[in-house]
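Some structures are shown below for you to check.
Paired with subunit B in one complex and with subunit C in the other, subunit A is shared by the two complexes that follow.
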Partner chain A sequence: MTVTTEVAPAPRRSSRRGASFRDAGPPVALIVIFGVFAALSPQFRSFGNVQNIVDSAAVLAVVTCGITFVLMMGSIDLSAAGVMGASALTVSLLVANNRNGNDFGFFGILAAVLLGCAFGCLSGLALVLLKVPSFMATLGVSAVGLGVATLMFAGVQPNISDAALKGWAVERFLGFSYLTWIAVACILLGWLIQRYTRLGRYAYAIGGAEEVLTLSGVQVRPYKVAVFALAGAFYGLGGVMVTSQLGAGLVQAGNGYDFSAITAAVVGGTLLTGGRGGVLHSAVGVLLVMVLTNGLVQVGVSPYWQGGVEGVIVVAAVAAAVIPQRRRNQVVK
Partner chain B sequence: MSTSAATAAAPVAVKERPRLSGFMPIIALVALIAALTVADPDFLTQRSLTAVSRTAAPLILLAAGATIVVLCGGIDLSIAALASLSTVFLALWIPNLGGLATLAVIGVATLIGALQGTAHVLLRIPSFIVTLGGMSILSAVALVVSGAGTVRVVDDSTVKWLDLYVAGYVPMSFMVAVLVVALIALLLKVTPLQSWVSATGYAESAARLAGTPVDLVKIGAFAVSGACAGLAAVMLVSRQFSGGPTMADNLLLPAVAAIVVGGTAITGGHGSVWRSLAGALVVTLLRVGLPIVGVPSAYEQILYGAIIVVAVALTLDKSKVSIIK
Partner chain C sequence: MKKMAVIVSLSLTAAVLAGCSEQQAGGGSDTAAADGACDPSKVRLVGQVRNESNPYEASWLTGGDTFAKSVGLTQERLTYGGDSTKQQEQISQILAGDTKCLVMNVLPNGDSDTAPIVKGADQAGAFLVTQWNKPADLKPADYKTWLSHITYNGEESGQQIGDALAEKIGSGGIIALQGVLDTAAAKDRFKGLQASLAKNPDMKLLDQQAANFSRAEALTVTKTLLAKHGDKVKGIWAANDDMALGALEALQQAGKTGKVAVAGIDAVPDAVAAIQKGDMTATVSSDGAWQGGIGLAIGFCYATGKLKVADTPADDRAFFAKQFLITKDNAAEFAQPKTDPADFECGNVFNRKVGPLT
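Entry: the complex of A and B
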């Protein structure tokens, strides 16, 4: 039986080859899927639709950027929906709106991002201090965020009238909306953090071998909290961006983004077990998910299936990712 | 046999845990009832208790079913979505199948549960990802099948029995829920299943080496969870005279909260369905009690979140997991 014997570590070269295949796979899949849909639907290959896909990917890209850091550590984050709801309500109540006389403009946005950061901190602290597994801690924090958002919503929808924030979704620069450029900036920032800061490097290391890191004298706990806080800040910004799109603060602003972001990151090649992947991988994953959902609608599949398609591809992607380690992974919870 | 070695280890681990924690859910339940009675003397009447038990019934079922999965060390996040889908199926099938629709829905829900379990075991994907994906897929199916609208049940004579009252006081749905919990508990007790389930939850590799059919146990756990979600859906339909693609979705958090409040360790092995029954009652009382003590119901969500985090922290078996992801 496979389980009774400890399998010797696979030869190094084969794991290398697996890694390069994993890195090349998602971009190739993206091109293939894009090609298939372009062949099937003339509407899909129009420039307007490509613009549309990229613009609608903006919020998901920012959220995925955040979740990627958490996944790199081998943790999981289900709090995006709640954090985004809370930050959406915060920003819509702090910039010019129809509910109160506030008009803090940029500082309102900053406050919403910081609120997201605080929620992320909360998840991280629950993880390292209370030792609550991250999927439970973030499930709880998501509920708290939704509750806070509901309290702020108070039955009356806050419509924003802040011209600058509204303009994010409408005004264009070089053919793409400001939101898209913000997302590009976020991906760049995320990549820099991942590549050049201690936080990013340690996030990788924690996912790869936390024990080794601890034994070599690194205090991993502050970094874990910091990673969750960073992710929270990205969700906070995502909530602000949704508010700009909708022109109003809604409790459900982040509905479904948590799952879509996990799907995008996993499809992009970030492993749920941690230690592999990255922001650029995730960016490809986001485009893959968006092209797939947009393309399916264009060829006439009901938009209700969108969640189902994501569900199928996340299960398939995770299953494909564990195949190389099938024999090593004895216990899967 | 080697299986007995694994089971012999389990009671030791149970004894080492504080005795008090076994009674915690009951203590919490009594304390809550007492507190609510102080806050509102009218609370401890037959009428409001009947209402509470009637509200709690579907939650008890969902929590009890998912408890088996948690005992095996996994988690089932798809229960609420599966229940929603089942309400849609039931509402659509009643006109054609009549009374058989109930059985058919429970059967389909069991199959879907077993399917998720099989995917988890065969593909070696973490259970929360399988069920998170499952949740998404099931919601999509429910939306498509129902056309994203409520499906009304015109002739509800076949499911009406669940909405009746035994002896005029005890809601039938509550009776059924308790009966199902008792049945699961009995089944675990009189068969080797109990030791198989806890062995899987406490130490999966050891259980496997000792000859426990770990894979089958896990698939079975997910099937039970699915069946319970199906039955919970029947209750919801009998109460609401309709099925909806998102009808049960808001029961996920309360169900998870009920499991952890009951004291079932999220790390697996330690806990029972009775605890989840008590946990479900605690959660329902909290929900009903908030307005009584004058807290707006918007705080409900925050409360669930806090409960989940705190209860998991209290019941977690810290000796078992050195690295918590």
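Entry: the complex of A and C
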């Protein structure tokens, strides 16, 4: 038992000072980009807009929180879009809505999150039992999720009338919407899991050196499934949050979130090869991406240019962030 | 091992059988298509759209079902999830089956997807009606069984809702939410807005952003633009209703519901409901249920010989169909998508033509 409680830290984390230097890239990029936009546009630096950026970042933050654990492990997860769609439809059909007489309130939300968790579990099981690469397993689960969502949709969009859930997007506490506070709570929870639980430590270790872990007698497979299940639960919550924002359950609720979340995590400094990064890194990445999309609109870049400009800045930001660790970044093959 | 052998031989038999029926079907189709005298009960109706997960295309398929039922048939409902390859596969599968008296009402995924569909249907002698997307140089008049292409004038609808906004707000600034920028629908609708702006000089365009026809993106973009322009925004022009509904949510979150006029296009049920409630100003309906029925109705009329391709004027082979501006005055009529059986009678199938497609 003593063997399992002490996880050997990944070798690359040996120098604490080196690690903090490498971690400084994304926050510095965030501050620089924020500064540039603030100088260019007075509306951008208004409190209202900062509020708006943070509020808009809420859903992406929760989804990215989930995906970060998977990336830390060195796997990839493309199931967010499908899982979010299924959970959006589930929650919108279980809380007060215009399609049926259900009014389960909080339990509806819980059911949607658990559904997400189950989908994640499915991805994980496909990975460890059937040996399907995570890329394909999660892509398949995403398609299943979208299929389930389409079945539940059945041609009529469910609009939610549950005051509490609608309130998440509208009500404010200390100037920020409830959704933002939920996202903050998720990041905190994610950080605690990553820092203080065996699950979080093992996720790191699997990404860093899975063989070492296996050789030291750790059963890796249950932890892999658990990480995917945890990620799925975050996507499920993300789907609920989108539903609250849009006031309706959409099959497309999670459209684009899979890749935005991976982008945000990587921009924040989480490596696709695993073993590095974390929830806080990802949170910075999310803010970076949101500041960028918001700033480009605020300074009035033409919509015809935005997509391209955004792409260039993201690549530049990642390049700047990973230069200190280029040697380690095996994805750059 | 035994089990294996059984499975293999079974599947081989199935493959051989399938091959045979294909050939038979291919041989018989030409004659039936040429004289157009199918027994009405033998006509096979196929409706194909992207997916059933949006109300517009769902109402399209429902309209097809309603028509099919009115002639004692059922519609085969196909959806391809917005995936061009999958659409082509489905079409080839259908065409590989019995194409005798086959009628297809198809929504091609994009302009470039229309050509292979038309070619396949032409070879198989299947009756085809396409809607919305086709390249300009591909013309139904050059084909025997591609009966008609129906589309809508996006400039007209873009201008209609622009004018409706101008009427509502009088003077002031508006913001525009564009669709996917490289689609014809987005371009034409925005052109219509520009025409409307020229006609209503008191209405100013403060900003325009792409929200890719998506409710979620429209929510974010609208919030950003509201933060940028504040109370100067008096109206929001959206290139479709999903974005208009996203904008409505953004207004609600900013505490501005009802203070800013919102207009969209497509007449999805939620938008019509929002117009009835007074939250939204206007939308334009292409009448999805009618679209779903009309393609099958046209095909049915030709397949059964009630209409003849040779007698059909070129204008009917590719045309703009009528669209309807929905405001608070007439929203109740559009609250439930429904079809009028009279529209689908062979003498009336081209009644909604407002102009030839040029």
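The criterion applied here is as follows: the second predicted complex is superposed on the first by the 280 of 333 C-alpha atoms of A that agree within 3 Å, B and C clash if a C-alpha of one lies under 4 Å from a C-alpha of the other, contacts with A are read in each partner's own complex, and residues count from 1 in each chain.
One rule holds in what follows: a contact is a pair of C-beta atoms (placed from the backbone, for glycine too) under 8 Å apart; a residue touches a chain by one contact, two chains touch by 3 or more.
What you see is a predicted model; the values in this text were computed from it and never measured.
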Subunit B versus subunit C as contact partner of A:Thr150, first or second or both or neither: both
Which of subunit B and subunit C A:Gly140 touches, first, second, both or neither: first
Touching partner for A:Ala126 - first (subunit B), second (subunit C), both, neither: first
Which of subunit B and subunit C A:Ala253 touches, first, second, both or neither: second
Subunit A residues touched - subunit C or subunit B, whichever exceeds: B
Contacts of A:Asp77 with subunit B and subunit C, given as first, second, both or neither: neither
Contacts of A:Tyr304 with subunit B and subunit C, given as first, second, both or neither: both
Partner chain in contact with A:Glu211 - subunit B first, subunit C second, else both or neither: first
Partner chain in contact with A:Asp162 - subunit B first, subunit C second, else both or neither: neither
Subunit C-contacting residues of subunit A that also contact subunit B: 150, 304, 306
Residues of subunit A touching subunit B in the complex: 3-4, 73-76, 78, 82, 126-127, 130-137, 139-148, 150-151, 210-211, 259, 262, 272, 274, 302, 304-312, 314-315, 318-319, 322, 326, 329-333
Complex contacts: residues of subunit A adjacent to subunit C: 41, 43, 46, 48-49, 52, 55-56, 149-150, 153-157, 159, 169-170, 177, 242, 245-248, 250-253, 255, 293-294, 297-298, 300, 303-304, 306
Subunit B residues within the subunit A interface of the complex: 73-75, 119-120, 123-130, 132-137, 139-141, 143-144, 148, 204-205, 208-209, 253, 256, 260, 266-268, 296, 298-310, 312-313, 316, 318, 321-325
Subunit A contact footprint on subunit C (complex, rising order): 51-55, 58-59, 61-62, 178, 181, 207-210, 214-216, 219-221, 223-230, 245-246, 249, 252-253, 268-270
